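Chains here go by letter, A, B, C and D, matching the order in which they are written, and residues are numbered from 1 within each.
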Amino acid sequence: MGEHTYTPTAKDLSYTFGGVPPVASLRSGDVLTLFTEDCFGGAVTTVDDLPSQVCTFPYLNPVTGPFFIEDTEPGDTLAVHFLSIVPARKTGVSSTFPHFGALTSTSHTAALQPPLEERVWLYDIDAEAGLVRYRARNSDFTADLPLDAMHGTVGVAPAAFEARSTITCDAHGGNMDTPELRAGTTLYLGVNMHGAMLGLGDGHARQGQGESSGVAVEIAMTTTIAIEVIKGVPTLWPRIESDNAIMSVGCARPLEDAFRISQHDLVGWTAQLTGLDTLDAYQLVAQAGTAPVGNVVDPNYTMLASLPKHLLRGADLYGGTHERLRATPHPDATGTGAP
Amino acid sequence: MGEHTYTPTAKDLSYTFGGVPPVASLRSGDVLTLFTEDCFGGAVTTVDDLPSQVCTFPYLNPVTGPFFIEDTEPGDTLAVHFLSIVPARKTGVSSTFPHFGALTSTSHTAALQPPLEERVWLYDIDAEAGLVRYRARNSDFTADLPLDAMHGTVGVAPAAFEARSTITCDAHGGNMDTPELRAGTTLYLGVNMHGAMLGLGDGHARQGQGESSGVAVEIAMTTTIAIEVIKGVPTLWPRIESDNAIMSVGCARPLEDAFRISQHDLVGWTAQLTGLDTLDAYQLVAQAGTAPVGNVVDPNYTMLASLPKHLLRGADLYGGTHERLRATPHPDATGTGAP
Amino acid sequence: MGEHTYTPTAKDLSYTFGGVPPVASLRSGDVLTLFTEDCFGGAVTTVDDLPSQVCTFPYLNPVTGPFFIEDTEPGDTLAVHFLSIVPARKTGVSSTFPHFGALTSTSHTAALQPPLEERVWLYDIDAEAGLVRYRARNSDFTADLPLDAMHGTVGVAPAAFEARSTITCDAHGGNMDTPELRAGTTLYLGVNMHGAMLGLGDGHARQGQGESSGVAVEIAMTTTIAIEVIKGVPTLWPRIESDNAIMSVGCARPLEDAFRISQHDLVGWTAQLTGLDTLDAYQLVAQAGTAPVGNVVDPNYTMLASLPKHLLRGADLYGGTHERLRATPHPDATGTGAP
Amino acid sequence: MGEHTYTPTAKDLSYTFGGVPPVASLRSGDVLTLFTEDCFGGAVTTVDDLPSQVCTFPYLNPVTGPFFIEDTEPGDTLAVHFLSIVPARKTGVSSTFPHFGALTSTSHTAALQPPLEERVWLYDIDAEAGLVRYRARNSDFTADLPLDAMHGTVGVAPAAFEARSTITCDAHGGNMDTPELRAGTTLYLGVNMHGAMLGLGDGHARQGQGESSGVAVEIAMTTTIAIEVIKGVPTLWPRIESDNAIMSVGCARPLEDAFRISQHDLVGWTAQLTGLDTLDAYQLVAQAGTAPVGNVVDPNYTMLASLPKHLLRGADLYGGTHERLRATPHPDATGTGAP
C-alpha cells in the first residue's frame, strides 16, 4: 500500500473526463490525499464576485487528476473509498447563475424570460463544530446547517472514446451531485479504458437533495481516498456502498429515466446478491427501497436507488471491498492544503 | 367537536374526486374514524387472484367518501390530520400489473414488448410487532420490513368542475402515493368547491420511495382523522406538516416538473414564513431541503420538497393547526372494522 | 339523415368533457351546423383586452355541446366529419398569457422568474381571399398567412366517470390543438358512456405546429359536421382520416410519450389494415410515416403519427365511413352566425 | 475554389466528434466529394446479419473526416451545402436493434422486459426512378417509397474540449437524424475550435419523421458538399436553410426541450432578421411556423422549428451564403465510390 499526496496548480486541473493525460499513477491499495478546487476555481471570494463575470466558460468545475490506475482495463471496476473529505477553506460559496438551476428557465428548458438575479452567498464553515452558517443577503436571517462534506464530481474516462465536460454526469460518473458521496462510502465505477483515469472535485460543504438552485455550498477540499481495483467485474452505472446501504446511480433526462436506470440497476444487483428472480427482486426493492435525489439541475439529472444492506443477508459485495477499504488507516494529511 | 365513525358498503365507495354526492357531513374540529378498502377493492386474497382478472376497470382504487365539510368555500384550506392509520386485515397484497409501473413500458410510455408477468405477493402484517413480512414467490427468501402505514390517496374535489379518477393525483391531492402521509402528519388541501368533498383510501402497510413496481403493500385500513377548516387561506398544491418538517407536494409529468412544482411552492412558503426574499429562500431550501420521492408510476408522478421546521424559527404555520390537531384525543375506534 | 342547426347562448357553453347534461340529441347520419365561441368566450376584442383581466378562470375555452348521440355505448366509435369550418367573425385574436406557452416557465415547469409581458394581437380574417393578416404590435411589419381553419378542441365524455377541463386533451380528445383537424377530415373518437356526449370549440383561423405561444389565431366558427356511429368498434386514442392519410393522436407529457402513443397506435392500426405483423408494420411506419406536431403547451401535449393511405392498398377503414361522410351534401348554413 | 475528393478506408473512419486528428484540410469555397459508410460500417448485407452480432460497440455510426477547415476559430460559423447526396450501393438496410428505438424500452428508459426481436430489412434502391422498395419480412407485402437521400450525422468538434460519440447530437450537430438534411440545403454549424473539424456520415435513403424504429434506410453515400466560412458570426445551435425555409435545430431530452431550444432559436433569429421585437417574433413563429420532427430515439432527440423565407421579406441570411453555395457548379464525382 502506497501513501501519496497531490496538490495541483491551476494549470494541472482538468475540465473533462477523458481526453486528458494523467497527472500521476496509482495502484490498487494506494491511499491518496489530494486537494480539490471549488467549482468556481476559487474565483468567487466575496459576494461581489459574480460567477458569470469572474469565471470563464469552459473553465468551470475543475477536477483534480486524472490519475492513471495501473493494471485496469475495460471490464474492471474501480472502487474509490472516501476516508475523509475536509474543507480546505473557512468559507464556502454559493450563488444563482444565469439560466441555470431548477427554478429558472435554462439553455435547454429555454424561455424568453430574462434570467433571475445573479446573487452570491458566503457560508462560514466551522469544521470543528460541524456547522455551515447560512446568511441571507437581504435580511439578517442566519441558520446553522450541519456540515456534510461530499464531492459532487467523481468519475473516470467515459467509454466510446468520449471526453465529457466535468459539468455533466453519465455512466462514467462525473457531476453526480449526490449528497450520498460523503466520507465513509465507497464508489464503484466501471473502467472504460486502460488506466481508468480517475478525477474528482466539486466539493460541497453540504447540499440539499436536488441542488435546486444549481449551486451547492462550494468549497475546496482536502480529501483522502483509498482505491482498489476489482479485476474482471464490470460495473455499468456508478454504485455506492455505505456501511448500511447499497445504492445504484442513474444519470439522465427526463428525471424519470434517471429513476428507471437506478431502479433497474438496483433490481438486477439485488437479484444477483440474493438469488431472487428478477420479479421477486423488483418487488423487494419497490417496498423496501428509498430513492435519494441527487441533482435536478445538471445536463443529466441524478437519482439513486438504495436498499438496506441487512436485507442482503451477508451477500458478497464486490468481494468485501468496502469493508477492506473502510479499515484502511488514515494517513497524516499534512502538506495538502490550498496552494 | 364531534366524533364520527363511518364504514362504507361496496356501493358507497367512490372512484373519482369530484362528480360524486357526499356520503356524510363533517364540521371543522370533527374527528372521524373510517374504514378504507384496499386498491383492489379487497378482491385479491390469494396469489392466484391476478388483479387484471379479478378487478374491473374503472373500479380500482376506491376511496371512502366524499365527505361534505361544512362551511368550506373555494379559497379556504382543509387540514386533515391523521391520528391513526391501522391495518384492518392481517394480510397485505402487492403485485405487478400489466403495463403499469416504473420498470415496464406502459399505456403512455408505449412499447411493442409484451407485458411483464403478472404476479401477486402476500404480506403478513404484524401490527403489534410493527412488521410487514415479504415472501419471495420463487424462493424461500423472506424479509421483515418495518410497518409504516400510510394512505396513498387523499383528496378533495378538483377545481374547474373536473372529476378526476382516484388513480391520478394533481393539485387537489388524490393518488399521491407518498410514504410521508403517515399517522402524526397533517395534510393541507385547497378547497375548490363548497363542501370540499374529502375522500381517502389506498392504504399501504408500507411502500418504497417511488413505488417502482406500481403497487405498494396494499391493505384495508381503519383510520382516524381530525379535520380543521382554515377560512380565507388558499393552498395551491397539497402541503404536509409533520412534527419536524414542512413539505410541499408536486404532481406532474415529467418527474422534474413535479420536482419544480414542489420546490417552487416550498420556496414561496419559506419566504412567507421567514420574511426572506425569494432568492434568499431559494438558497436556503437548496442547501437545507430534502426531496422525498413519492410515486414514479401513476398518471402524474409525485415529488415532495421538505424543510426542517426548526429553520422557520417559530413562524406561524396555518395558525397552529398541526399542533392543535396533533393534540386531539383519539376516540375509541370500535365498530369500524371491515364490513 | 337529419339536418340540424344549433347556436348556444353564453350560458349553454360547457367547460368540461363529462359531467354536463346534453344540449341536444343527434343520430348517426345527422348533419349539424353549429356556432362555437372562441377560447376567450369572445371577451377579447381589442389589443387592450388582456385575457388574464377580461376572462375568469375556469371560464376559458368553452365548447358547444355536449350533444347526446343516440344509440352509442362504450366500445363504439363516433366519427365526426368536418364538412366546413368557417370563421364567424372578421377578426381573430391571439395573445401571450402569463406563465402559459412553450417559451415561458409555467405553473408546472415552475420557475421564479416573472411572467412574460401579456400582449394581444388582432388578425384580419379575409375568408374569401383565404388570408389571415398578422400585424406586429411594435412595428409596422405585417404578413398575410394562409387561412387554415380548424378546431382545437373536439371530444367526448372521458372514461372512468371523469370530467376533464376543456383546456386539456387525452384519450377522449379535447384540446388537441392540431392543425390537422380541418374541413375535409374525419375524427374518430372512442365512446366512453351512453350518448358519447360530443362537444367542440376553440376554432383557429390557423396555428403553427406546436402552438408555441400557447394561443393560436382564435376565432368563433360556424361549423358543419356530419356524424356516424360505428357500432362495436372501439377506438382507444383519437384518430383522424383525411383523403390522403391516416393519423393517430397521442396526448401526454413528456412529449416523447405523446409521440410513443401515436406511433404505437399507428403501428397497430397499420398491422390490422395491411395484415403485416407488428414488426413489419413498425418498420413501414418508421420509414414512411410523418409525425405532425400538435400542441406543446397544453396540460397534455399532442403528437400525431401519419401514414399515406395509398400504402394501405385499399384496406377497409372503419367500413368506408370517411368516404361516405365526405360525400354528404352540405346544408344551407343560414341562421348559425354569432348570437 | 478547390475541388477535392476523399474516400476513406475503414481505419480512417471516426466515431467521435472531437478528439480525432484531421484527415485532410479544406478552405472556404472548396467543394468536396466524399464517400460515407452506412451506420453499420457496411457489415449488414443480408437479413441474417443481425447488427448486434456483426457490429462491435463502439464501432457504430462512423463518419468520414474530420476535415480541418482552414482559418476557422471559435465564434465563426461553418456553412455546409449539400450539392448532392447519392446512394453508393444498390441496397439499403434497416433493422430493429435490442433496446433501441421509440417503441421499446431502452438502456435509459429502462424496463425489465426482454428486447423486441432483432430483425433486418433490405431495401432495393432505384436511384434513377427515385424509389426505395420496402419488403415485409413475414409476408409478401411490398411498397415503393420515394427516395429522399439525406445525412443523419453531420457535425463539428464540440465546445469545452469534449469528444462526443457520433451516436448522439447536440449543439455541435452530430446525429441529428432529420430528413431535412437533404441535397439543396445548407447547414450552419458554430465553430468551437480552430479548424472546426467537420465530419459527416450516416446516409439514409429515406427515413420517417421521428425514425421511430431507431434505424432508417441506411446506406453508404457519395456526397458532394460546398463549404463556406462565415467569420465572426457565431451560431449557437445548428441551423438549416433551404430554398424556401429557415430552420433551427434543437437536440435534447425530454423532447419538449428539443422543441423549446429550436423554437427559442428561431424566434431570436426571426427577430434579428425582421427587426420585430421578441414577442412579435414569437407570435409570428407561433402562427406561421412548422415543427418538423427529427429523431425521437437517439441519446438526444431532435426537433426543428421552421419558418417560410418569404416572411422574412428579403432579410440578409448569413450574407447570402446559401444562394452562393447553391449556385456552385457540381464537380465530376468520378472516383468516389465505395472502396
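Assorted remarks:
Definition applied: a residue touches a chain if its C-beta (ideal position, glycine included) is under 8 Å from a C-beta of that chain, and two chains touch if they have at least 3 such contacts.
By chain, with names taken from UniProt: A, B, C, D = Amidase.
Given the structure is predicted, the values throughout are model-derived calculations rather than measurements.
The minimal number of chain-to-chain contact steps leading from chain A to chain C is 1. Ranked by separation of Cα centres from chain C, the top chain is A.
Chain B and chain D, compared by their mean Cα positions, are separated by 48 Å. Between the CA-based centres of chain B and chain C the separation comes to 35 Å, rounded to the whole angstrom.
Averaged C-alpha coordinates put the centre of chain C at 33 Å from the centre of chain D. Across the assembly, chain B contributes residues 103, 109-112, 116, 253-254, 260, 263-264, 267, 279, 282 that each touch 2 or more other chains. Those residues of chain D whose C-beta lies close enough to touch chain B in the complex are 103-105, 109-116, 254.
For chain D in complex with chain A, the residues that touch the partner chain are 15-16, 18-19, 57-58, 107-112, 159-165, 167, 250, 252-254, 257, 260-261, 263-264, 267, 278-279, 282. The residues of chain D lying in touch with chain C in their complex are 94, 96, 102-103, 116-117, 119, 121, 132, 134, 136-139, 141, 143, 145, 206-217, 253-256, 259-260, 263-264, 267, 274-277, 279-280, 282-291, 293, 296, 301, 303, 305, 311.
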